[in-house]
Amino acid sequence: MTPSPNNHSRLAMTGLFAAFTVALGVLESFIALPVPGVRIGLSNVGIMLCLYLIDFPAAMYVAVTKSILVPLLTGNLIVKMSIALPSTLAATAIMGFAVLLMRKFTTPLSIGALGAVAHICTQFFVVKNLYIKADAIYNLLPYFCFFSVLTGVLTGYITRIIINNIREDQRCISCFKK
Amino acid sequence: MKKSKFDILIIAVLTAASLFFMLDVQSGEKRLYLIDKNTKEEIKLEDRDISLDNGHVIIQVTSEGARFLESDCPNRICIKQGWVKNCGDTAVCVPKHLALVMECKEQDYDAISQ
Amino acid sequence: MPKLLARILCCFLIVALYGCKESYKTEQFYAMGTFVSITVPEDDADVIVDARSKITALEAAVKVDTEKFNKNPRYKPRLAISELISRGKAYELITDGRFSIYSATVSKLYGFPEGAYRVPEQAEIDTALDNISRGTNVTMDLGAYAKGWIVDEAINEIKDAGVKTAMVNAGGDLFALGKRPDRDWRVAIQDPKNNRDYISIINLENMAVATSGDYERFFKAQDGRTIFHIFDATTGQNPEYYHSVSVIASTTEEADGLSTAFFLINPAEVRAKCKKLNTPVLLYTVNGNIMKLCGWEKFEKK
């Protein structure tokens, strides 16, 4: 990936996205969906914006910040962090890889879905290996996987709207590479 | 950015995969298990309550199945997951390392030697 | 036109799949002190009647001749039964006399098989052991392997009728004739500690398996000991090595007899003997270990 126009602006934008992502993460803990255990994964919007508008290292940085700060702000620190950190990093890695390979012929819609599926799969893997050491919990994975595709597409859709808007906004043109 | 066919393909594959595993329904003889971190023990299906974690978690068992009745974990997801009654039903409480699973196994033998 | 072709293909497929699915008929009845089940292909269901009457006839023959012999030691049993009696020698040799067709001399002191159960005085046991070693005033019981032999005879009856695939199961002592259409016969070995669990599942084709366990017939003595139906003919006591012993062999008689014989000797001896006899063994020891010997694993589910 080519570097952003200048390093200061890159740093500033990364910080901005990190703050945005953490805010979304905290906000989301107040949104209860009717399906138990399912989250929209709004903070993924911030990470995806980073991937598309800045670069992969910046996205990883935001991912780490988010998965440490959000548990810190919403409680139940150890359990949440031990699950969130690996799964957010895995999701970011998968999405980064997908953007790198398929940027030309995909949009955030499918990237979001991929990331969400990667996220939920890693979550299950971590829970299975750290907390409930029984294969039986994988019974639930298909359901969560299905919902994660939906929420992933939703966050991807939001990301796409934001990207399209930012790109048309004159003030932002200099901030990001096309 | 415009819609792309590739998007639809990826989303379709992911959905199909999760639906495929969802429809992979088990059948056969039902057995209820309580998983507590590393241990997995079978629970007899008879009316009673099981108290765990010094009474912070209560599991209700009936002849049909079981559910988390009470738990002081933050999100109470395990309670919302409801009854574990049918093959493959699972309720998980991650903060307490607890899970209820209904496993079903088709009899895959023709005779028993005893 | 392609649609029509597809439909025809579909029909073929359904017919082919249906044809594959051979269905079996199972008849269960009570004989030899246990539930016996005979499973044959539905088309050959007629053979069940013959096999069943063979089993009842042989059971009666064994019972009558055993009783007559026990009343009068000079009684000459019919040929088939005296052959069966002589086979007990092999198991006696394998176990250095711990196995005996006369061990009922001891076990009846305890009240087996019918009860009222009690723990006999040591003097009574000593007299019985003395009688067994001298072969006088003894009670013969072929129960350790007669059931297996009768299963084999029932299988022969089924085979003679031209049936290629069947199973005869007498309370866990069973013979699997041929294969199922799509696979071998599969037999689960029960967990002695939990009757809903299995410690092994094996595939059998023209082979027999039998299991002896300390949970089959037992009583609780007043001092809290559990006393079960298998006795060492040299000590008059229960052997103390296993909860269950399963043996795979080419005849049910051998599997049945060996599962009792191996119950009486320690695992090292079992290992040596089963190697010589080429009979896979599964031991569930009293301290809960599962030992698979002489190629048992090869029979387990792939």
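So that you can tell them apart, the chains are marked A, B and C in the order they are listed, and the count of residues begins at 1 in each.
By definition in this document, a residue touches a chain if its C-beta (ideal position, glycine included) is under 8 Å from a C-beta of that chain, and two chains touch if they have at least 3 such contacts.
These figures come from a predicted structure and were not determined experimentally.
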Check: Drawing the touching chains as a network, do you get a line, a ring, a star, a complete graph or other?
Finding: line
Check: A-B or B-C: which has the larger count of contacting C-beta pairs?
Finding: A-B
Next item on the list: Please list the single chain whose C-alpha centre lies closest to the global protein C-alpha centre.
Entry: B
Next item on the list: Please work out the Cα centroid separation of chain A and chain C, and write it as a whole number of Å.
Entry: 63
Checklist line | Chain centre separation in whole Å, for chain B relative to chain A (CA means) | finding: 27
Notebook entry, point to check: Per the centroid of Cα atoms for each chain, what is the distance between chain B and chain C, given in Å?
Noted result: 39
Item checked: Footprint of chain B on chain A - complex, ascending -> 36-37, 75-76, 79, 83, 102, 105-110, 113-114, 117, 127, 131-134, 136-137, 139-143, 145-146, 149, 153, 160, 163-164
Next item on the list: Can you check the complex and tell me which residues of chain B touch chain C?
Entry: 31, 42, 108-114
Next item on the list: Spell out the residues on chain B that touch chain A in their complex, using ranges where they run on.
Entry: 1-11, 14-15, 17-22, 24, 33, 35, 37-38, 40, 74-75, 77, 80-81, 88-90, 92, 94-95, 97-99, 101, 103
Checklist line | In the complex, chain C residues that touch chain B | finding: 37, 39, 167, 169, 171-174, 176, 180, 185-190, 195-196, 198, 201, 209-211, 213, 216, 246, 301
